[in-house]
Amino acid sequence: MAVLEIRNLCKSFGGIVVADQIDLDLKAHGVLGLIGPNGAGKTSLFNLICGVVPPDAGSITLDGLSMEGQPIHERARLGLARTWQTLRLFPSLSVIDNLMLGPRDYSADRLIDVFLRPTYIAQREREARQRAEYILERTGLIAIKDSPVMDITYGQQKLVGVARALMNEARCLLLDEPMAGVEGQTYALIQKVVRDLAESGVAICVVEHNVAFIKDLCDEGVFMFAGKVLARGSVDQLIADPHLTELYFGT
Amino acid sequence: QQTSYKFGMAMPLTGGQATYGNDQVKAAQWAVEEINKKGGINGKPLEMIVMDTQADPQVGIQSVNRMISVDKVAVFVTAWSGVVKAVAPIANDNKVVELSVGANSPDISQLGDYVYTTFPLADVDIRAVAGYSAKEMGKKKAAVLFINNETGLGSATVYRDTFKKAGGEVVAYEAYDQKATDFTGPLLKIRAANPDIIHLQGLVAESPQVIAQARQLGITVPITSYSGIYNQKLIEQLGAAAENVIATSLAPGVEDSPLVKDYVDRWVKEVGRAPNGLPYTQYLYDTPALVAAVFTALDKKGIAPTGENFRKEMLAIKTFDLPLTGKVTFAEDHTVNKPVYLVEVKNGKWTKKAVVGQ
Amino acid sequence: MDYLYSILILIGLFIILASSFDLVIGHCGLISIAHPIFYAIGAYVSAMLAKHNIMPIPLAMLSGGVVAFVASALVAVPALRVSGDYLLIASIGFQLGLIELAKHIHEIGGAGGLTNIPSFLIRDYGRESYVVLVLVLAGLTVLFIKWLTQGPYGRMMAAMRDDELAFSMLGRNAIWVKVSVFGIGSGIAGIAGGLYAHYFRFLEPDQFGLLQSSAVLTMVVVGGLRTAWGPVIGALVLQLMPQMITFFNLPPSVLGPLQGLIFTGLVLVFMFKRPQGLLAAPVIWTGKAPEKRGA
Amino acid sequence: MFDVAVVSQILWTSFATSSYFVLFAVAFALVLKVNKVFNFAQAGVMTCGFYAAYVAVRLLEWPGFAGLLAGIAGALLMSFILEYFGFAVLRQRKASPMFVFIFTLIVSQFISYAIMLVFGTWPTTIFASMFWPVTLVGGIAVSAWDVPAIAATLVVLIALWVFLRFTRYGQFMLAVADNADLAELYGIQKNKVLMISMLMAGVIVAIGMFLYGSRAQVQAAAATELMLFAVASTILGGIGNIWGAAVAAIILGIVQNSSILFIPSAWQGFLLYAFLFFAIVLFPRGFRLPERANKLKRTIRAPDALVTKQEG
Amino acid sequence: MLSIQNLYAGYGSLEVLKDIGIDLQDHQCVGIFGHNGAGKTTLLRSIIGAVVPTSGRLTWDGEELPYGDVPATVKRGIAFVPQGHNVFPNLSVEKNLVIAGALFGEAFLSEVLQLFPVLQERRSQRAGSMSGGEQQMLALGMALMTKPKWLLLDEPSTGLAPVIVRNVMDGLRDVNRRFGTGILVVEQNVPATLKLVERAIILKSGQIVFDGSRDELSAKKDLWEWF
């Protein structure tokens, strides 16, 4: 059964159609690669799923629950996590503090709890810190865990974004160009992290222009163009299609 | 024994009201110099401690506290209703006399044993001008235009009630906002009501403009106001439009007393202009004289000049004859009563019209 | 001595006001300058409750805080949805609107002000006791805010200030955080209002206008935004400086403007010398010292 | 009460008086947009402009036009000092926006005290007389001040529009407003552009003050109140939208003047603020025009082969 | 010739670049590669003047570049496309291009629009609402509008689809040939870049570990492993 189901999703900005009757399923244990030329509507699709942009029509369900009209944070609470193409880290926090906000545990978020259950909150903090350190370890960022995020390189910032999304033990994870600007050596590392996550039952969707990366990572690919899903199949199949190749790689 | 006698002076020296406060303090200062030149309090100098209140209660509280605790004054002079009320508990608690000069809110009389006013309350001159308009000038339909703040509202009510009682009818009763820079709306409403006299209760800052706009809109009936607009500048600014404007004064004018004339001449000579709010400065000029009179009496008897003694002695003397404002008598309700002088702009000059309640 | 006491009390009250304002405007990044109106609400509510003997004064002060807390929600819930600069104007509208309203309500003294507010503690234990009370409460406020902002909740506020969208995407409710913090800050201001009312015993609506806002804001910013002790230093310096200037013995004819000139001039000098505030906040949010926050 | 003559008189006069509000609001909005400063020191600049004109006309007895120039010079000087010795320094030292805001607040107080010290506190006007003769136009009293004021404002607005739209530095201002650091990468000198925008605001404000001061009395602290109105207009007009601020200033001006016809006078102040509050709650983004997205279209298409394949 | 000698630069106490010496011939195409954090961005930012070097010399044809004065450097003919946040988000695409070129002589707009047809299509769109890749194209176009003699690019292919990467690389080669613009490009996408550049420099922890022609790099098997 699909974790995330998108049916007949439509959205346009003026004359620009970014989602044209999109139907898409994200399955547990799977990594779906989303490719397509610039401006195809990939980021917009993520924005629609997350509630950043309201759709013109269509429905999105997560684990069978409709997400219509839910605000962003409610969707995240249901088990949706994403990274941003434009980073969106918290510049006034250090790397580890950026991650510490990630866990999908909101029981201590109410101000009243700060007064009433201090020990509980302290315990939560410890757990979150352990988890953050574990994830930083796995993504190779542990050495810079206390640096301000503004002082680390672009490539590292990208990884912090991915790591922050990993903190949320989400049902469905959306990665928007996680590798853009990241050095080649890190590819294997991230691929392993993402694959492990998929194996643990998470549905993952990755947007990437680095086809080699997508090919190694994804079970299946989707090709988008001008807001439409043009094709779905294994990444090799997509690349083999001469029409898609022309659109995406040029001739 | 005392080597000098101190009293406090807490006035707005900055902020929106400083226009008046500064000139009033200057007047008081001249008076203190005068008194000291004439020998002070039996040869001992009279000292005035000046503090800024910004006409703000909180600042006023601090200034007055400072004068009482640090400078140990037995009596202090202050003005502006907010400050006068805010510092009243301090005066009462410390048994220090508070002399209000120019706060015209009627509940002054209920502020406690140590709070007195040397200035007639607001209703005195408003009542006089309303009564005079209805009775002597024979006006039947009045319009009231006032600034929408506490004093404006209070005075407007007094005018309306008095004018009605005197047999007139108030055909328009309009307020404008404190921040307004244009007065067409209320003026048009007044024009539509077709009054034969208009009473304007505003601040110096905008009153000339209100009159100018009234005349521009073709309203030619006489306009009365209170002492705020009684100054030479109004005539300069408005020219012919100032004709038929009537103001009040709670103190004798230049024509009534040679001392006042000397006083105004001194302003023109030393400062280059007439004081802002002439009558108020006259009262302030006279306050040190009042204080000095009490101190002198205490000094003669060899009584320590504490607030308590000051109050007792002041009430014992009861009536004071002061240089610029004439006789003043403290009434049972802590207030004083005075005659009201009416002045009118005629041929480009302020001319005396009448004295009410002499 | 009254002079000294009233200065100490005002310093204490301004420490409370400035610290709680810093919580709202600095730590939470909510640009509202209406803080004094919650101070006013606390003051008026407490004064009225005590004046009419509805409850004992300490309870009345607390109720003032509670009413301020609730009132803040009136501004926060609708206005925070749009956040940023719009909160600013909504808050100004709320502040000046309430002040206008208060001027028209006779029962609370109208524009002329509310007099004869019962005093508290002073009669039985002397003024010193009130000074102690205010200063102790000021200390508690500072420590409380320090504790709150250095804990996990402080981290949430920092993140929300930086990027609300990314913050929501982590499943956290930005509006709720803002409303809560705004409420807490306003509630504290409300209690301070009660303390003011029962010492100075006179309240006037115009006291709580934009002048007061800018005074408190200056304390926070000149002292140092987002620092525990910055607002304290700001309150101390900006409260004491004008008092010291009154001892300069300036000639009365130029006294007012000159005092103002010296005061604002000195503040400008401070601002140039320390453009991050007298105490500068660390570049990034740092919680409690790491050794403490570990096991 | 609601006859045509009254309503049109009110509309006309409030339209004329909104001229200076428009200027103050536009200047404020410009500095907010380009320099990213809530410049409360504008009150100080306004005061300087006014008193410079006052000195020229009343004390030196120059003609009105020279007075206007003097006013502009005064405001320019103040703006220059403010930017060169104030904002530029603080910017370089990386002061936070809130800090700069407080700085402007203190500067404006400082200037007002300094002016008080020199000129005293008595309110005054630029010309000795503040009475402007009126002509009746179809029953409406049009004062000799109204038409020149409206004309001057229009001229300023058009000049500003042309400047921002067609001149190089106007374009640079937009760029610096958007991303000042990036602008430097295209050879744009940030400091110069920011200075120009401050100076332009100075000129605009001086003209506004000249208009205001020839009709109403001004004293050292008066500018603050006038400026607060500009702030409200700027925010209502949508921050970053200079023309929105101008429109908001006119609307606010007219609302304030004509509300007397509908609202009991005692409640005017209160209702104005209530209006402000609810305007924000109901129109949270200011009175903003909808974005012009409709013109956009994709012209690059997928090859037909693909589209048919998908459908088939 | 753009020459960098004994350059040291960093942020506060952190020293990022250590003793960098590079001579860049006019009209050359040079690629800089290296790990995340190697100091590539810092190097470009020092040249353009956004980072003030702690020591060392930056000269162009013997003249010192104005340290720390970005506009002056740019006006001399050096353009820089930073990584991310590199367009004016609230202005239209066309305005972005016009403003970028305003200080640099007659319009060059049509050439740029030809290179990136999407920009032509979106002339009136708000730049901030464009997709990541579209913004990257716009930023490149803006840099070209300044008709630079040297073009410094910080990871220009980030977020671009392969077809566009190809276009960009072709376009850059074209610019280099037609106008003689020197190109200094920092890239992670080594294969694509190697088709463009004739010389490659590899940075490691702020120091140059390799500087040679493209063929030399291809020959060095050990360095290849490294990527």
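Should a chain be cited, it is by its letter among A, B, C, D and E, assigned in written order, with residues numbered from 1 in that chain.
Everything below uses one rule, namely that contacts are C-beta pairs under 8 Å (C-beta built on N, C-alpha and C of every residue); 3 or more make two chains touch, one makes a residue touch a chain.
As the structure is a prediction and not an experimental result, all values here were calculated from the model.
Colleague: By the touch rule set out at the top, what is the minimum number of steps from chain A to chain B?
Modeller: Each step joins two touching chains, and the minimum needed here is 2.
Colleague: Give me the set of chains touching chain B intersected with the set touching chain D.
Modeller: Intersection of chain B and chain D contact lists gives C.
Colleague: Using each chain's Cα centroid, which is most distant from the centroid of chain C?
Modeller: Relative to chain C, the chain with the farthest C-alpha centre is E.
Colleague: Report which interface contains more C-beta contacts, comparing D-E against A-C.
Modeller: It is A-C, judged by the count of C-beta pairs in contact.
Colleague: So how far apart, in whole Å, are chain A and chain C when each is placed at the average of its C-alpha atoms?
Modeller: The mean C-alpha positions of chain A and chain C differ by 42 Å.
Colleague: Calculate how many whole Å lie between the centre of chain B and the centre of chain C, each centre taken as the average of the chain's C-alpha atoms.
Modeller: 36
Colleague: Chain A to chain E: how many Å between their CA centres?
Modeller: 29
Colleague: Could you check chain B for residues that touch two or more other chains and list them?
Modeller: Within chain B, the residues that touch at least two other chains are 14, 18, 22, 153.
Colleague: Which chain A residues sit where two or more other chains touch them?
Modeller: 13, 247, in rising order.
Colleague: Give the residues of chain C touching no fewer than two other chains, as numbers and ranges.
Modeller: Within chain C, the residues that touch at least two other chains are 256-257, 260.
Colleague: Mind listing the chain A positions that touch chain C in their complex?
Modeller: Touching chain C: residues 50, 52, 71-73, 76-77, 81-82, 84, 88-94, 97-98, 100-102, 104, 106, 108-111, 114, 121, 124-126, 148, 164, 168 of chain A.
Colleague: Quick check on the complex: what are the chain B residues that touch chain C?
Modeller: On the chain B side, the touching residues are 12-14, 18, 21-22, 25-26, 29, 48, 50-52, 54, 56-58, 61-63, 65-66, 68-70, 81-82, 85-86, 88-90, 93-94, 105, 107, 111, 149-150, 153.
Colleague: For a test of understanding, state which residues of chain D touch chain C in their complex under the given definition.
Modeller: Per the touch definition, chain D meets chain C at residues 89-90, 93-96, 98-99, 101-103, 105-107, 109-110, 112-114, 116-117, 228, 232, 235-236, 239, 266-267, 269-270, 273-281, 284-286.
Colleague: Per the contact definition, I'd like the list of chain D residues that touch chain B in the complex.
Modeller: Against chain B, chain D makes touches at 1, 6, 9-10, 13-14, 17, 113, 116, 120-125, 128-134, 141, 143, 212, 215-217, 219, 221-222, 225-226, 229, 253, 256-261, 265-266, 268-269, 272.
Colleague: Which bits of chain E are touching chain A when the two form their complex?
Modeller: Touching chain A: residues 11, 14, 35-37, 41, 83-85, 118, 129-134, 136-137, 155, 158-167, 188-190, 226-227 of chain E.
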